[in-house]
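What follows is chain A paired twice: with chain B in the first complex and chain C in the second.
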Partner chain A sequence: MRIEGVHQAYRGGPPVLAGVDLALEPGAPVVLAGGNGSGKSTLLRIVAGCAAPSAGRVHGRPRVVGFLPDRFPAQLRMPADVYLRHLAAIRRVTAEPELLEAFGFSGPRAEPMARLSKGNAQKVGLAQALGGGPGLVVLDEPWAGLDVAAAAVLRDRLTALEVPLLVTDHTGRAARIPGARHLRLVDGRVVADAPPAPSAPAVGAVAVVLRGPARTLHGLGVPARVEADRAHLSVPAAEVDALLRGALDLGCSVVSVTPA
Partner chain B sequence: MTTLTTAVAVARYLLSDAVRSQRVIIPVVLQVAVLAVLFGGDPGPLPAPWAASALALYPVATWLALTVANTEDPVQRSVTVAAAGGPGPVAIGTLLVALLGDVLLSVLSVAWPLVATPYSAPPGTVLAGVLTHLAAAITGTGVGLLCARPVIRRIGWSLLTALIVVIVTAVQPWLPPVGSAVAAITDGRGPGSLLVPVLAACAVAGAGTWVSALVSRRG
Partner chain C sequence: MTLPAISAETLLDPPTGPRRRILVVEDTASVRRLLVDVLGFDEFDVTAAPDGLAALAAYPAVRPDLVLTDVEMPGLDGLGLTRELRGRGDTVPVVVVTGRDDPDTRRAAAAAGADAFLAKPFGLVELRDCVWGLVDARAH
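Take a look at the complex of A and B:
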């Protein structure tokens, strides 16, 4: 799937997008960063097919698109399960209400969606976007309002996804999706972006340096700073053994283990 | 064909939320109240009284279409548009729900005096009555879609614009669809003279749907 030369301008304003080119491929999730009002949501809406760009084209958008907007509103009067069934029918796929359980949905199942808390509404939004085997997944700030358990489930789901994925994220959790390409919207254009630095070392953390093919290092599933064939990690002391065992099993070799 | 399947799924979704909300009930109750007043005493021989009920149905259908089109929050609407693969099926689904309301209210309005008053009408006159109401209701649907989101985003402006359009177009007896349809039923002309108003009404509703999809796409 390709996005070519996409421009978007609103009346009386400067262009929000000024020539965005982007390729989306299965297994290569794109994490999009950018300041407030930099046009991330606009680009996502165009990629998802909600809006047409002023100029440029989107090629090869699959039939079934899973889209989660920034702040999923859930002001409807139907219950969450009914909503998921209707959305699946509109996509002509089978509904997957069990996704709600997977995300730890704790809201009332038979009451209007308008009564849901922010976190539970977000889980309904995720369930509709990821259910029914979409051919493209576009998520705008999917971690907003999620509890820790649901955030981990979401990361695992996105890691296992075998279709193109475009996601924006302010929480830094998208950095843990292995193999992700990090891009940034600056002045209406997409530029390469360094992944967010791994979070500050926790108390009792251990600095680990591993050597191996870059692909394997990206696939470790823990935040790491990868340089050429080296990965620099900071892991809690309690998890060092498990991490080293896993890394050795994947064919990496250990360069150093030092107190952080 | 797939567009229509998707549009029907969208219509079922919107209908499901509409029946749960009290907002669509208000225009329906309004029409029922108008019918009760119009046909409660002695309205006189048919079809002339149908002119008044058809004229009342015009703003009611406009309000109904406005309500159905504004069911979803704009962000919620963007999710539905992405799911439907574009704004086209969503606009058509909205139209289908509004048309369902048009048909039900038209049938109710025509049947009421036949059941509740001693006057009767031959089949040809009944058909003319149905076509008059459909012309008014479907025009109202078109006007409602043109005044609702995403074309007019603020509900205050939506209601004001719709009100002005309805008042201006309803009272011109030469102007199809509503003015000429009401004039035809008042004069007791046959169903044939209502063909043009009904077709014009469908054109207005089609234009409303098309403009709605187009504006939604501009997003």
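Take a look at the complex of A and C:
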């Protein structure tokens, strides 16, 4: 699949995209970086077929595209199961609600999605995007709000994908997808980007204390001793960064991080 | 037209008062069922029709508070339906949804008498906010 000379501008303003060329192939996932407002989400919407470019072409887009937008409609009163069924019907594929279990979804399936936590809503979005055997997967910040366990499941699923993948990720987790090509949007164009530098190997265990709503603390995806609004955890040092990022995404605050 | 501000929080709770009626006109069955459910979970009474002629046939019994119609449909299309309603002096709010997001189609929708225009693919939250805005504006 190829993106050729894609431009996008809004109402006479400066171009958001100024001639983007990009090839997407199976086994060569593309991780797209860029600052706020750099046009990442715009490019993803165009690649997914949810927006038309001002100029340029997208060649070879498959019939079924798995797309996780940056703003997932989690405010709906429609329950998650019903939402997944409808989206699958419109895409003419079979819904895969079991993907919710794979990501450790712990919310109420029969209640409005608007009552879901941010993490559970993101899992519904991922189940929607990855279900039904898409021929192309386009994910905008898929790790946002995910707990540590779900983040690992997502990384494994994306690693095993046999179709083209385009993903944005500010958490650094996409760097762990083998074979990923790292690109960056600069001034509306795509340039090669260095992958995030791997941190020095960390050994031992770290004791972490987090503060947040009890429901969130119980949903972190790692064993924790929860007392009132605090969770006490012990995690391998190599995983502490991912845990802290996930906890902050979920709205927790970090009370302390000390060697165990 | 200025729509009243709506927050997701206020939309979480079912509205009080009589249920509002929506007539959904869409020829693609899967999209029609989705629209019926999205609005149904928002406590609207939703009736669906597969084209403009079927919508006109159902109209007297439904007496909708809002019409949500696709443009491209066999028989009577969404713009023809809107023109027919306006020709009868009916001021029911009409939301037009279409896969053609170009200035000509927008102008044609406005000229036919549509109150709002949503280009496919539209967001479900955007759709619902648009419908709520028009229904609330009419109620007040």
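Just so we're on the same page, the second predicted complex is superposed on the first by the 198 of 260 C-alpha atoms of A that agree within 3 Å, B and C clash if a C-alpha of one lies under 4 Å from a C-alpha of the other, contacts with A are read in each partner's own complex, and residues count from 1 in each chain.
In this section, a residue touches a chain if its C-beta (ideal position, glycine included) is under 8 Å from a C-beta of that chain, and two chains touch if they have at least 3 such contacts.
No experiment lies behind these values; they were computed from the predicted model shown.
With chain A as the common reference, chain B cannot sit beside chain C without a clash. In the superposed model, A:38 lies in contact with neither chain B nor chain C. Using the contact criterion defined above for the overlaid structures, shared-chain residue A:168 touches neither chain B nor chain C, since it reaches no partner. By the touch criterion defined above, A:128 lies against chain B but remains apart from chain C after alignment on the C-alpha atoms of chain A.
In the superposition on chain A, contact of A:78 is made with both chain B and chain C.
Legend: residue contacts after superposition of the two complexes on their common chain; A:234 is shown touching neither chain B nor chain C.
Which of chain B and chain C touches more residues of chain A is settled by the count: it is B. When the shared chain is aligned, chain B comes close enough to touch A:65, but chain C does not. Of the two partner chains, chain C is the only one touched by A:115; chain B is not.
Looking at the shared chain after the overlay, A:90 reaches both chain B and chain C.
Listed for chain B are the stretches 40-48, 112-120 or 202-210, of which 202-210 clashes with chain C, judged after superposition on chain A.
Put simply, chain A uses residues 50, 52, 71, 73, 75-78, 82, 86-87, 89-90, 92, 112 to touch chain B in one complex and chain C in the other.
Per the touch definition, chain A reaches chain B in the complex via residues 45, 48-52, 63, 65-78, 82, 86-87, 89-92, 112, 125, 128-129, 138.
Residue ranges of chain B in contact with chain A, taken from their complex: 2, 5-6, 9-10, 12-13, 16-17, 20-21, 71-73, 75-76, 78-87, 89, 217-219.
Listing the residues of chain A that touch chain C in their complex gives 50, 52, 71, 73, 75-79, 82, 86-87, 89-90, 92, 112, 114-115. Chain C makes touch with chain A in their complex at residues 8, 11-12, 30-31, 33-34, 37-38, 41-42, 101, 121, 123-125, 128.
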